[in-house]
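This is the structure I want to talk about, given as structure tokens.
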Amino acid sequence: MKYAGKKVITMIITLFAVTLFVFLAFHFISGDPATSMLGTEATPERVEALREEMGLNDPVLLQYGRWALNFLKGDMGISYSYRMSVSEMVADKIPVTVTLTILAFLMMVVIAIPLGIYTAKHVGGVIDRIIYMINQVIMAFPPFFAGILITLVFGRILKLFTPGGYVSYQKDFFGFVGYLIFPAFAIALPKAAMAVKLLRSSVISESKLDYVRTAYSRGNSTKAVLYKHVLKNALIPVITFLGMALADMIAGSIIIEQVFSIPGLGRILLTSISNRDYPVVMAVIVCISLLVLVVNMVVDIIYGLVDPRISIE
Amino acid sequence: MKRKGLKSLLMIFVLTTLAIALTGCSGDKEAENSSQITIGIPQDVEESLDPHKMVAAGTKEVLFNLFEGLVKPDSDGSLIPAVASAYEESEGGKVYTFTLREGVKFHDGSLVTAEDVKFSIDKCADTSNGGPLVEAFSNIESVTIKDASTVVITLKEADTEFLAYMTTAIIPASNTAADTNPIGTGPYKFVSRSPQENFIMEKFDEYWGEGANIEHVTFKICANADSIVMDLEGGSIDMFPRVTATQAAELSDNFEVLEGTMNLVQALYLNNAVAPFDDVRVRQALCYAISPQEIMTIISDGKGTELGSSMFPAFGKYFMKELNDTYNQDTEKAKALLAEAGYPDGFSFTITVPSNYQPHIDTAQVLVEQFKAIGVTAEIQLIEWDSWLSDVYQNREFQSTVVGVDASNLTGAALLQRFVSDSSKNFINFNNADYDTALANAIASTDDAEKTKYYKECQTILSTDAANVYIQDLPEFVAINKKYTGYEFYPIYVQDIAKLKLADEQ
Amino acid sequence: MIRNGKKNYNLIVGSIITGFILLLILVGTFYTPYDPDAMDAASKFAGVSLKHPMGCDNFGRDIFSRVLEGSRTTFIVAAGTVFIGTFFGIIMGALTGYYGGIVDEILMRFNDAMFAFPSILLALLFISLFGSGKYQVILALGIAFIPSFARIVRSEFIKCKNMDYVKNAKLQGASNIRIMFVHILPNTVTVLLSAIMIGFNNAVLAEAGMSFLGIGVQPPDASLGRMLSEAQTYLFSAPTYAIFPGLIIILMVLGFSLLGDGLKSEE
Amino acid sequence: MDEKHLLKVTDLNIEFHDHIVPETVVYDFDLTLDEGDIVGLVGESGSGKSMSALAIAGLLSRKDMKKRGEILFEGVDLLTCERSTLRDIQGNDISVIFQEPMTSLNPVKKIGWQVEESLRIHTDMTKEERYQKVIQMLEDVELDNPEQVYNQYPHELSGGMRQRVMIAAAMICAPKILIADEPTTALDVTIQAQIVKLLKRINKEKKTAIIFISHDLSLVKQICERVLVMQGGYIVESGLTEDIFNNPQKEYTKKLIEAIPKVDRNKKG
């Protein structure tokens, strides 16, 4: 309980720091929402009138306070650009990003764990070397380029999916998930490569420890030693990595969302930044940070479950 | 035990993935019993959907299908009656009388009334927010309802071009959520908008006129400009209004590529108020340094229309092709002018380019190379559109910028008025008393020939004074699946979807 | 390179690849067959030929020359990023790890907050603040990279600060600064070196990602990431435009990561 | 005659091949062991004593090392037998306890699980039977609160307790041979004595033969009947403990004996 309390407090502080930082940062970026809204039709008088109306002429801390207060009341405001409720807009996009992330995460795990174990079991073998090299090359690919190649190969040549054929989850959930498979693959691939490498080296270094010898001395077969003894220990550092990877996927899929034209949180964030649409930027950032923090918390809990040495009292 | 669990989990995952992938593929093609089209657009409709508040060209071209004014533009540039069935101009362009068309309905089913018309025009003329929504409406003295189907607009000063502004959308006075729920009288009505995803509209069955052919229209936001060819070929979009020459070349036979022009004045706009561009000789030197033809060859395979001043050919009678020859590429002359202006060794400056439009970025890159030949070093600085709006357009803190300036309607003033020295839109700080006089004369004159003469004088001044380094009117390539026909280009920045139809329906 | 009778292939192959890339960069600094920015309308999308070994791009610029220049830009961006990240990361990590206490608590909370924020987002924000361009990219990425370096250095310092040699140095009256940077720092080199290799690679890939989002190095400057993202449009009309910059990026990252792995197993 | 011995090792040579030049670490190792024997194996670190013991326990990986000679356990040569035969013997007939009780236990598994592992592998006992057996075993090795220990993790126990756990795990199947590889080195002196006493008791009660490996001759003297002294991979001296202590033949042995702290020698000697 104490743990949860401490975590929640840290979370609140982090959120406060992040939002304040973003708010201040935006204050210093050139370009302002009023000008954006009026475009080339703007006259200085109209811009001024609009700034006044939007409260942009107030001191920045007052603006932040106002935003924070409203936010705590559950009011995220109205998007400057879309003129629609921010909470509605963000709520609409969260399932997209979350589905994409979950898919990518599952793929990563499904690819990485068996491969990592396989290579660790066959260290020095031909297949191990081949997988190692493939891994290294995958990790050397710029993510967007991998996305483009996947579109090219699976979309255009093999015709397994329609490039740009995103369907909304409200309209056709299976079509939606179907479309997300390849982007998720593009996200999962480099992370999986890293996870394979990590798991392999983790299994290898665990295998050198004394308790493994003890396990053999009791008559365990190699297989039994690996699955009953080594694996759980070897997974501990991997869990940290998987947690970080998951957090990274939540926000880091911006590029892949762009490549595959997926209207997720990342794209909303990107366009809102360039539109100077602060209410949306703040909401998305809070959302992403919250998701990341929750993931970190879950990782901590899993960590505690897997490793008895870490207590989460 | 555990391992078996993992294995079966894996199997389940793979199987569901496959199943979903397969259904995903098969479910893609919609039943085509009702006609539909998906049109790719590079930028989202990301602002208010109130037709009077929208400012982005990308929004206007989409909402064109939802709204109409008393009159509306046709593809040949003329104005045709829309919500008004007839109009009359009297007192030398001081009083305009509109007769409302009978039975015109809004998308919500209500009939258009004279009150709605007055409401719409008054709304745009309202000055309480620092200025009128439509600048030209500051000239309106009164809008009066003569009877249920007649509205009279009286101007403060005569303006024979005023009709062009009557394309301003007529909206119902009763709509309180105009920002997000657009209601107009156009051939299509609004269905939904999902940010960064799509904008959907459908045929308005009670449209007063001929109406649309295609029932369902989806504008899909294609975030990744580089995958447009794949999107078209893959079938996720049927049409993309602005592909590049290279993309056009990569498309298969299933697509038709129509060629038009963008209808804008692309130029290296120079801040006439800052050194060294406050010296006319420097500006002229830059004009001599470049070759619009070479730019067109490099960035769009030679397509495009060379421009010599702030006017493009869609304006017909106002356009002066001869101004293209004011400056022909001449490195020696450029160097001489620079030396004369006190820059024998050239100088350095920055070209600010909004990062959202590739042709401008490409043009800027070619310009940089061309300026090298006269010893001038230019550096490109990309900024976001919104920074451009505030830094360059509003605050005028820049040296030069490559953009395209378009016209909101087909009056000469739409393009030329911004260069009047005290105009709030004169972002290049152009200052020439002769120009101000000529433009005032043009607007004031009621005689068409005289008006044209003055507008031409304005253009000539811009050209000889080298206000900007004029380049071209960019070519526009519309890629459209051969399943559809009927696309028409307009001299202004719109997409008229109502004219599209299925090819086999002919 | 020979140990336990086994060849350290990672180190050998990594060295060869990295050496090749460095050679390319070195050559590119002094000589390119053409001016990398010079345009030639006539050779637009020219294919591979003796004149243009990698063909030409959409402006008719020589891709080989641009690859040479781009490799250099990318290398400078990545190296600069890692330099900033390491430099400030070491200072921050050393102070927090060595002293602990409230400074540590505050800085690490701050670090965590930054960590909860993916570096590409952070870089995006900084770019909005600083504007775009080569040096801004270095600065933005550099700052975004500080937390991860700080974290690594901190944990190494915590590990080392109770070691006997540190106690010894203290007894001999060495100042804290001296202990931190003369006694402890050299002992973190192994870990730091591999972090630098990984950081370098991440920087190369981040630069590419930023170029894709249009917030990286500015045209007409060539960088590998920028060339690659520009090339997407012309994937069919000029495949070499994508292939060569892509290949060099992959080789650059591959070389460094093999080298990093090799060095690690050599320890 | 051979068949009567529980374990007979003849001419064991161990060679490593993971370096360019093969390296021999054990030469001509001979040992016989019968029920109830306690044999000491002494020498400095690197003398080959642990290596020999690991070979007997079948724990030297077979890939990059070469082993010559014979290790006959009840007539079965452990060097050449099937892997499965070897596994049947490991933990069942031959058990090992190691030097570092901290690292030799799996950190993420409960004590109970680890102690009963050999039972799971080698017997058909039900869960309940195994639990009873483990609790009894934990009691046997003089651990308080066995039920509680059963559900604890290694990091929650002290060093001495862990070593008792190791012994319990090793003894759970009542093996015929227990190899104790420096079982007390990592523990402090009082606990050392307790552990040695425990081993002695086990040896007496269960007739388990013990190979006791140590560099500490004082301990060996306390527990072993016979001693083998190793140096540089060779057995340099062997015989009854008493004989060797009273009349060491080799300079090396003498040195080892001299290294025993005086207090200790007076107390036990």
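Note that the chains are named A, B, C and D in the order they appear, and that numbering of residues resets to 1 at the start of each chain.
In the analysis below, a residue touches a chain if its C-beta (ideal position, glycine included) is under 8 Å from a C-beta of that chain, and two chains touch if they have at least 3 such contacts.
These figures come from a predicted structure and were not determined experimentally.
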Chains touching both subunit B and subunit C, listed by label: A
Innermost chain, taking as reference the mean of every protein Cα atom displayed: A
Taking each chain's C-alpha mean as its centre, the one farthest from subunit B: D
Chain pair whose interface holds the most contacting C-beta pairs: A-B
Distance between chain centroids, defined by C-alpha means - subunit B, subunit D (Å): 87
Separation of mean Cα positions, subunit B and subunit A [Å, integer]: 37
Centroid distance [mean C-alpha coordinates] between subunit D and subunit C, Å: 52
Euclidean distance of C-alpha centroids - subunit A vs subunit C, Å: 22
Contacts with two or more other chains, residues of subunit C listed in rising order: 128, 229, 232
Where subunit A touches two or more other chains at once, by residue number: 29, 148, 152, 258-259
Multi-chain contact residues (two or more partners), subunit B: 226-227, 383-384
Interfacial residue positions of subunit D with respect to subunit A in the complex: 57, 59, 83, 87-92, 95-96, 98, 100, 103-109, 117-118, 121-122, 153, 155, 166, 169-170
Contact footprint of subunit B on subunit C as seen in their complex: 37-39, 41, 44, 58-60, 128, 131-133, 214-215, 218-220, 229, 232-234, 236-237
Subunit A residues touching subunit C - in the complex, by the definition given at the top: 10, 13-14, 17-18, 21-22, 25-26, 28-29, 136-137, 139-145, 148, 152, 247-248, 251-252, 254-255, 258-259, 269-270, 273, 288-289, 292-293, 296
Residues of subunit A defined as touching subunit D within the complex: 209-211, 213-221, 224, 229, 232-233, 236, 306-309
Subunit B - residues contacting subunit A, complex: 2-3, 6, 10, 13-14, 17, 20-25, 27-28, 40, 44, 46-49, 53, 55-56, 129-131, 133, 135, 179-180, 193-197, 220-224, 226-227, 230-231, 233-237, 356, 383-391, 393-394, 424-425
